[in-house]
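Dropping a structure here in structure tokens format, bear with me for questions.
When the chains are written out, they are named A, B, C and D in that same order, and each has its own residue count from 1.
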Amino acid sequence: MELEGVEIEDTFAEAFPIKVARVLITAVNEKWAMEAAKETTGFGTSVIMCPAEAGVDKIASPEETPDGRPGVYILLCTFGYKALEEQLLARIGQCVLTCPTTAVFSAIKPEESEKQFNTGFKLKFFGDGFESEGELDGREVVRVPIMGGEFVMEKNLGAKAGVAGGNIFILAKDQMSALTAAEDAVSAIMEVEGTITPFTGGIVASGSKPGSQKYKFMHATTNEKYCPMLKDKIEVSELPPEVNGVFEIVINGVSEEAVREAMRAGIKAAVKVPDVVKITAGNFGGKLGKYQLRLKDLLGL
Amino acid sequence: MELEGVEIEDTFAEAFPIKVARVLITAVNEKWAMEAAKETTGFGTSVIMCPAEAGVDKIASPEETPDGRPGVYILLCTFGYKALEEQLLARIGQCVLTCPTTAVFSAIKPEESEKQFNTGFKLKFFGDGFESEGELDGREVVRVPIMGGEFVMEKNLGAKAGVAGGNIFILAKDQMSALTAAEDAVSAIMEVEGTITPFTGGIVASGSKPGSQKYKFMHATTNEKYCPMLKDKIEVSELPPEVNGVFEIVINGVSEEAVREAMRAGIKAAVKVPDVVKITAGNFGGKLGKYQLRLKDLLGL
Amino acid sequence: MELEGVEIEDTFAEAFPIKVARVLITAVNEKWAMEAAKETTGFGTSVIMCPAEAGVDKIASPEETPDGRPGVYILLCTFGYKALEEQLLARIGQCVLTCPTTAVFSAIKPEESEKQFNTGFKLKFFGDGFESEGELDGREVVRVPIMGGEFVMEKNLGAKAGVAGGNIFILAKDQMSALTAAEDAVSAIMEVEGTITPFTGGIVASGSKPGSQKYKFMHATTNEKYCPMLKDKIEVSELPPEVNGVFEIVINGVSEEAVREAMRAGIKAAVKVPDVVKITAGNFGGKLGKYQLRLKDLLGL
Amino acid sequence: MELEGVEIEDTFAEAFPIKVARVLITAVNEKWAMEAAKETTGFGTSVIMCPAEAGVDKIASPEETPDGRPGVYILLCTFGYKALEEQLLARIGQCVLTCPTTAVFSAIKPEESEKQFNTGFKLKFFGDGFESEGELDGREVVRVPIMGGEFVMEKNLGAKAGVAGGNIFILAKDQMSALTAAEDAVSAIMEVEGTITPFTGGIVASGSKPGSQKYKFMHATTNEKYCPMLKDKIEVSELPPEVNGVFEIVINGVSEEAVREAMRAGIKAAVKVPDVVKITAGNFGGKLGKYQLRLKDLLGL
């Protein structure tokens, strides 16, 4: 299979259920909404050792925000709702309530939520009696006087079941072509509603396999079959001879369909970059994950 | 006291001991070094509910990095060394090892370190037997083959006692003038070696007082005496009548001297912005913190 | 009249006919498309002393570009078609043909063009015989081999009559609030198709009146009635007592309707910023310009 | 000759005398100083068809600016002083005077200037009688009341003889590696005082040779010997077989020494990027330019 001259392997990304909160942060300008979004979703690449998987979903135009200001949507993901509630409280309380000019709203409607967390209600006590409750654009909000003005937040934040671990692998003749292609893919995925690329800058440089051949205490180790430096040192490399650069993009989303759309957008962007040779995806033979996102299906090949 | 026509209150910032690791991240370009630095130090505003206080210290020119590439210095701060070691392993392992083209070096020399953590040594096992050890610019490093190429990291990272909670308050006629002044102060502090402004975008919008007047379960609540919206609702406001915007900048650093220099640089930048009225600082009457950083001393007034 | 508590003066912006070319620049990523767009439209604030009025219209998603790559639309405006053709040749030849990975397409369809310029045809001779002609997505293009690869450009660029000098004035309690509001207005206008804000960063700090009271050799001088520093030095200031910051945004567009939509978007963004007091617009009593863009009409007040 | 494993050709860049003005623009923050600098130096890649060669020299820290605010140095270059004076007046009058919060100072001292232009004196008449003259940090300045506040500018701007056309060629295995290396080189040159890279984003994608083999009316055409697509179509290509990406960086500066230092910094940055194969430079056999900047000399090889 080919797309714009780039080989598309007939394989699938294997993905998993996860719990997701989608939150809208608004501010006086996009700069500050993005600052808050980035700090709030930092240290959030993988639940292996991060307290959450988190990232910027997309930019919200003033027309679509409850307070008519610029905004940014974020996703926070954990394996269970208890951890999700803790992360919402800690990350919004520490990184958004404290941030100049911000307000916080749920971006999953109550009727689409499996769970609702009263994170806004809890944070209002920071007001020490000077806080108030009210309504904004049909939403129940709390208002907390702060040094920088007033912090406004919706009382309840919705959460639902989502999908983690969608992915694509980009193989190119060299490292910089693969990196540029991966950057373009991440930019394209930024436009897809309801999805994030939680790793640093959206890209994974050190894709892993479960477990280890050599070290029993390691739960995940380097995926040697995709390491360009190891092509000639192992018996079976998955890399074509001309490939010297490989990056992976991991995608979480609010639904399987959103993740599929993000994979599609990422692949379409990546194949446009010169010297990209092949697109594939990571899986565990279908043994571990609930979802199998097959490349040829989502690309319509 | 005045500086460029802006009142400087004769008070002090009260600061505390903390443990600090200073780490250098290099990459193929400054963009990727900064992406890694931001993700690694995200969700790191205050140890009240974040696992660390963390931030970008300053940009490193290629001339000063061990591998001659662009870099960014970061600080990670916790109250104890055990937590610091855990945070170094989790944050570097999850946010830098995974990031395209990065390398990691200690930015505190062994002879200036109180502690050294073998974080690089531990992360090398990700290589599953394909890793190696070597030397780079006089440092012991590990080299781990990854999909994106090779991850290079110094075996040991140094840490030492530092200072947390240095701060300045910027009071202006309105919110946007205070915000612009705070942004300029943060930019100026970015140039001061060995210091960070750990809050989102470097600025605190919701400065707090310890405890609560009304809610016994709250450890910290809004500092109502500095809230412009509460000027007429409380008996004793600390705000001059013309002040309607207040932001705080919190500074952590590798030493008291570094934090003093950062406060000085921040104040000098802030007073240049039109409609800034007054600079002050936050303290607890000297009862809680080990360090008293007096504004008139550090400004030489 | 009021919008979100901000006074809207019942007045109009007076605008003029101009000739406009709308051009799409694509590149390997948005960064390089934007670099090319900025250089090409630089030194292009006002035809008083610049060779053109020019600016970035909006970002193009890969889905809407002929080559499926990220892109940026720009507008180039001059009073006549002869100057427009010269500017297209000089600016694209010097600033886009020379720029890494770029391609150039007309963003005004032949059937909507009053004029078509064969700028692409002319630039192909740079290929010194190695150039070729072809078709891309239904467009006639030239292909020129260059050191960076291949420069692709549509043979003909369309141009049409447009509108220049749409404008809004933002009056706030102080300079930084007015500046933040103007920045937000410019960001909002960036989303409006077919319009630019040609001044530096989109904002005019030194709005002018025609002629001079004192210097006969000056064609335009400071608009003293809107200068905060002159409020008490002149007999009739247009500024309310509480206003100390004023910025203007000038808008050019492909049509009167596009300019009206941009003014509307800019005003709606500006009134959201704290301490904005009043919005007005500049005109010459209707004596000079062909178009009168009345604020209450475009806002539906 | 090699540097970090990359071949350095034993050749030289051929450079030319030019006239240069170095100007400092300050603003309330670096963002606005940079906006002004970019607009002012736009449409300024090559005097072949641009009215000037212009670019951002480097960022000025608040400590080194006359008004203690953030700033950006720019260079404007033309072949003669008459054109330079015209460009200073038009570009500063249209792009800086009009820009929020900016001030303008000479960055060449009177004693180092061959010429001084009274551009500030001329622009003061925009004040229509409300302007004034004064002194700031030992410099004679004009002060013009504007809507955005007050525009401050030094009365006289210094200019001197400089050097244009310093250059390096970066050859890599593919286009994206060459581009990343060129970007890194431009970033490194941004730190070198007194130099600019006038082309779009600092990089030339379409390096040229004088004249044409085929079209007599063309003064400059594609440098086919360095075009990867033409390697197999011409008899003598200068490209090694493995090279598929080539970019050039052109450097202007206030002195031969500054240009040499910039070339050195650019090369040192470029060779750090993976898959860069060779560095060379462009010349005309020494027949056209006054300066011969030999790579081995400036690198100390």
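Going forward, a residue touches a chain if its C-beta (ideal position, glycine included) is under 8 Å from a C-beta of that chain, and two chains touch if they have at least 3 such contacts.
Computed from a predicted model, the values in this text were never measured in an experiment.
J.: Using just the Cα atoms, superpose chain A onto chain B and tell me the rotation angle to the nearest 5°.
T.: With C-alpha atoms aligned, the rotation comes to 180 degrees.
J.: Which chain has its C-alpha centroid farthest away from the centroid of chain C?
T.: If we average the C-alpha coordinates per chain, B ends up farthest from chain C.
J.: Suppose each chain is reduced to the average of its Cα coordinates; what separation in Å results between chain A and chain B?
T.: So the centroids are 26 Å from each other.
J.: Give, as an integer number of Å, the spacing between the C-alpha centres of chain D and chain B.
T.: Spacing between the chain centres: roughly 35 Å.
J.: State, to the nearest whole Å, the distance from the C-alpha centre of chain B to the C-alpha centre of chain C.
T.: 40
J.: Pull out every residue in chain D that's touching 2 or more other chains.
T.: 28, 149, 175-176, 179-180, 273-274
J.: What part of chain A is in contact with chain C in the complex they form?
T.: Listed in rising order, the residues are 4, 28-30, 61-62, 67-70, 149, 180, 183-184, 187-188, 191, 268-269, 272-274.
J.: Sort out for me which residues of chain D touch chain A in the complex.
T.: Per the touch definition, chain D meets chain A at residues 173-177, 179-180, 244, 273-275.
J.: Spell out the residues on chain A that touch chain B in their complex, using ranges where they run on.
T.: Touch list, chain A to chain B: 28, 32, 35-36, 38-46, 48-51, 89-91, 93-102, 125-130, 144-151, 169, 175-176, 178-179, 182, 199-201, 203-208, 212-215, 217-218, 220-224, 226-230, 233, 245-248.
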